[in-house]
Amino acid sequence: MSDSPQPDPFPPWRNRLHEVIFEADDPAGRRFDIALIIAILASVLVVVLDSVEAMRVSYHGLFIGLEWFFTILFTAEYVLRIIAVRKPRRYIFSFYGIVDLLSILPTYIGLFVPNAQELMVIRLLRLLRIFRIFKLVRFLGEADALRHAFIASRHKIAVFLTAVLIIVTIMAAAMHVVESNAGNPDFSSLPQSIYWAVVTMTTVGYGDVTPSTPLGKFLSAMMMLIGYSMIIVPAGILSAELAAEATKHAKRATTQFCPSCSRDGHEFDAVYCKFCGDELNPQDHHDDAEGST
Amino acid sequence: MSDSPQPDPFPPWRNRLHEVIFEADDPAGRRFDIALIIAILASVLVVVLDSVEAMRVSYHGLFIGLEWFFTILFTAEYVLRIIAVRKPRRYIFSFYGIVDLLSILPTYIGLFVPNAQELMVIRLLRLLRIFRIFKLVRFLGEADALRHAFIASRHKIAVFLTAVLIIVTIMAAAMHVVESNAGNPDFSSLPQSIYWAVVTMTTVGYGDVTPSTPLGKFLSAMMMLIGYSMIIVPAGILSAELAAEATKHAKRATTQFCPSCSRDGHEFDAVYCKFCGDELNPQDHHDDAEGST
Amino acid sequence: MSDSPQPDPFPPWRNRLHEVIFEADDPAGRRFDIALIIAILASVLVVVLDSVEAMRVSYHGLFIGLEWFFTILFTAEYVLRIIAVRKPRRYIFSFYGIVDLLSILPTYIGLFVPNAQELMVIRLLRLLRIFRIFKLVRFLGEADALRHAFIASRHKIAVFLTAVLIIVTIMAAAMHVVESNAGNPDFSSLPQSIYWAVVTMTTVGYGDVTPSTPLGKFLSAMMMLIGYSMIIVPAGILSAELAAEATKHAKRATTQFCPSCSRDGHEFDAVYCKFCGDELNPQDHHDDAEGST
Amino acid sequence: MSDSPQPDPFPPWRNRLHEVIFEADDPAGRRFDIALIIAILASVLVVVLDSVEAMRVSYHGLFIGLEWFFTILFTAEYVLRIIAVRKPRRYIFSFYGIVDLLSILPTYIGLFVPNAQELMVIRLLRLLRIFRIFKLVRFLGEADALRHAFIASRHKIAVFLTAVLIIVTIMAAAMHVVESNAGNPDFSSLPQSIYWAVVTMTTVGYGDVTPSTPLGKFLSAMMMLIGYSMIIVPAGILSAELAAEATKHAKRATTQFCPSCSRDGHEFDAVYCKFCGDELNPQDHHDDAEGST
């Protein structure tokens, strides 16, 4: 609201750089983001293809060249990002700062530690950078809606998973007793039985661990039906929420009683009693504030 | 609301014990709950690892020691719980009282009945105690929302499962006739066919029982499509509920017309017209009763 | 609404019989329904157990006796139902009338046509009779909510299935070309490929038909992702419905324009313009009727 | 609204043809659509049956005859469609125009290029034409609701799939390192591991690629649980949307207080207080713009 501009020691070209690299409000920023997505996907494709034996034999030289090309590109981008921000330290130790670093480090480390296959996994973490661009690019604003949906359900998913895991463990123990007594080696240990229980309850059903006894098959069928019934859960969650909402609204309507006829159920903004026509008490403003929380 | 305190024969230290053990409102209670969750999970981990052959050979002594440590811990907790409550008998025969007992008994029984593998399953029931803590710990209040969702949909899930089981049985019988006539041993009996039908309709699909005839494959595909279409059911449930709600509201609002200005849209309990202030006709009470059914 | 009773040629004991057998409003009717559910489930259990080789060898005599016991019981019930209704012909040719007949006929036919395994399937149709009881028994009123949900979504499921089948057929054709050219016998014909496509898209995944070529695996992964994304569809259906509802409401608010300041957006029951304070035109009642359609 | 008719060079019989072929408002148009659906399904059935070895040997002549019959029928329909529209070029290069052409071309090309199995796939694209009829036929109006639902969720599905694919790739890389180090040939390359990850996360679970190491099985179970938890996402999406809606409404209503009676709850566009009739403060337009973002 203040009109007096503050002197800014930050040079304008770094501001401009920040706009292009970190934002997507103008054409230059948007073009940068699209180029970055293409570069990330292309570099991931190189890593994926390089892991195929037949491909590596024929094109390993090309793949190494491309990997170095993308690494140098992402290194330049990393340096520019550090230059563009006012507080480089905060960026470097932020989640995306670390992801940016992890997507270039493995190639450099590979110079000294050859054949370190584990480094490849770290290189693929650069895929996470696509999420940052999603956050920026305006025309993919739907990502926000889905992110909010995930945040809105993250506690529910956590509690849901805990309940699922408790059912899974107890059923796994029962199956372990039933099946390993019948000599089925698939259920020889509890961890193996828990693996089976997760495969079954989530309706994945590889079929690498299957029950062999009638009782085991009966328990399995029980478990599948439990897992399958969960498709009704989303409707249950929403119904419960809508019901809670409705109750809350209903309560809001019942906070007032008519001073002359003592009937309640007046709407929130009513001034006169709808039953006897007498004037209602002016609403207590403290009450209001609480009601709107 | 009464200010006069009643003499309480229950000593305050037992009240305090009750607060710490059964509630989670103060830091001590919360710390107790977190310690209990860690102890439960650790003791379950010991049971799980002990079931792995390779682990048992190397660390069986350690596992037995830990199991006794946790058993004595939970026994102490069980005794404290009995002391803390005013009516011990009610606690002992409650659901969680029995779960608490069942999570310590097997180790003691194991002294007299060695190698009783079935006792292990009972020991894992202590996982159920996590639900009680969920109910208490304030910061996991989401558990409540999900519990309400389960309660809200428990009748629907029961009816849904009955319908699913009827489809499953009839399809299983059809497949039994089709496939066992073609000599497929996987469908040799009805229970085996029902097992296949559950595996298929819940989209688990182990693949240990599969159709071999063209007609069998066609029936299987039918069944999968039935099972798969169920993902639309949650939306259907909510739509039907919202529509029912809307109809109820519409009915409430449209049954009355003002005798002087002939306008409708009055609420169910309105006595005076909200447009011209004239008195509305007294509602037919017989109509009321029908409307609220 | 007419108070004058009509002379009824139907004897009261048949009315009473109708109440007990077809309704569930009084204790007798409810006890009859519960007994019927138990009899149906028991008779189905007999059929299921009789199909197991080991069981049939030991208890075949017992199973035959029980089957005849239930058949005579259901025959008596069938006759009583015909006596209890006013228009027996309408009952006999109704859906449940035919199901009632089909659940007793096979045992009688079995006297003349021995070893007719196909008759067993027909006998299991008596499970469908549980639906009728569901419709009656008041305390299972949830069945109604779910039935409405099914009815509300039956058109959507039909269209959804058509779309799924079109995708399934086109993908199956593509896989047939790709995989059978590579010599994979699993995809040798289009029906077999369609079977695979249904197994895959519904996320059942038996694993009895699997792709062997890289391109085939890529197409399969595409298909799984299409099938899996469908879990978002219920939310989409409801969002679209809620949006349509909101638009309809918004339209209701915009049908009026203030005669003096020509602004729209007035609420449905407003009498004075909220922008200039002038009186609004009394609402056109024809318009109302259209708006409420 | 203009009553003066414009001279139309388009002959009425072509208008009538357009009504019958492209629309479904009158009985003739509806009968045409139903006949077309039957013809499409029958021609697809011929293609499907012809792909079965045993069928082709016995009835290949019949199938070729039927295929030519349907091709000539659809060719006639294609020509009539071109005649019926005012701008043939726009129709020919529209999506459905190309689908119409592609459903007749392969049979003609098959005259010159025998045994071109790939042409069969293209022929099955004629199934897509059913969607056009769905769009027309009034009594299947539910297709519209589902189409809107798909359109409403298409961005969400796109973002959802991107997130799924990123998780899938990173998990696949981890499994590739874990399992191929343990000598499991199923995870020998990254594309193969990605195929496994998609099969697992979508809960398809063929079982043709399965983990063999304990750590691999643990990661798989993690992944299944991630995939399975997604059934809560639809509820999350709707909750988030409803909450956003509620917040928007709340904001619209609570930003203004009446300067004379200090009551809030005014609508966004109100000029006069609805409780005391005094004029409200003119809204800050800068605020407006921000609020509507």
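To keep things simple, chains are lettered A, B, C and D as they appear, and every chain counts its residues starting from 1.
Throughout what follows, a residue touches a chain if its C-beta (ideal position, glycine included) is under 8 Å from a C-beta of that chain, and two chains touch if they have at least 3 such contacts.
Predicted, not measured: the structure shown is a model, and the values here were computed from it.
Novice: If you list every residue number at the chain B and chain C contact, are more than half found on both copies (same) or fewer than half (different)?
Specialist: Since fewer than half of the residue numbers are used by both chains, the interface counts as different.
Novice: Expressed in ° and rounded to a multiple of 5, what is the rotation angle of the C-alpha superposition of chain C on chain D?
Specialist: 90
Novice: Considering only mean CA positions as chain centres, point out the chain farthest from chain A.
Specialist: C
Novice: Taking the mean of the C-alpha atoms as each chain's centre, how many Å separate chain B from chain C?
Specialist: Spacing between the chain centres: roughly 25 Å.
Novice: Between chain A and chain C, tell me the centre distance in angstrom, where each centre is the average of that chain's C-alpha atoms.
Specialist: Between these chains, centre-to-centre, one finds 35 Å.
Novice: Counting only residues that touch at least 2 other chains, which ones in chain D make the list?
Specialist: 156, 160, 191, 194, 203-207, 227, 231, 233-235, 237-238, 241, 274
Novice: Could you pull out which chain B residues touch chain C in their complex?
Specialist: 155-156, 158-160, 162-163, 166, 169-170, 173-174, 176-177, 180-181, 188-191, 194, 200, 203-207, 210, 214, 217-218, 220-221, 224-225, 227-229, 231-244, 254, 263, 265, 274-275
Novice: Which positions of chain B touch chain A when the two form their complex?
Specialist: Spelled out, the residues of chain B in touch with chain A are 44, 47-49, 51-53, 117-118, 120-121, 124-125, 127-128, 130-131, 134, 140, 142-143, 145-146, 148-150, 152-153, 156-157, 160-161, 164-165, 191-192, 194-195, 198-199, 201-208, 227, 230-231, 233-235, 237-238, 241, 267, 269-272, 274, 277.
Novice: For the complex, give me every residue of chain D touching chain B.
Specialist: 203-207, 234-235
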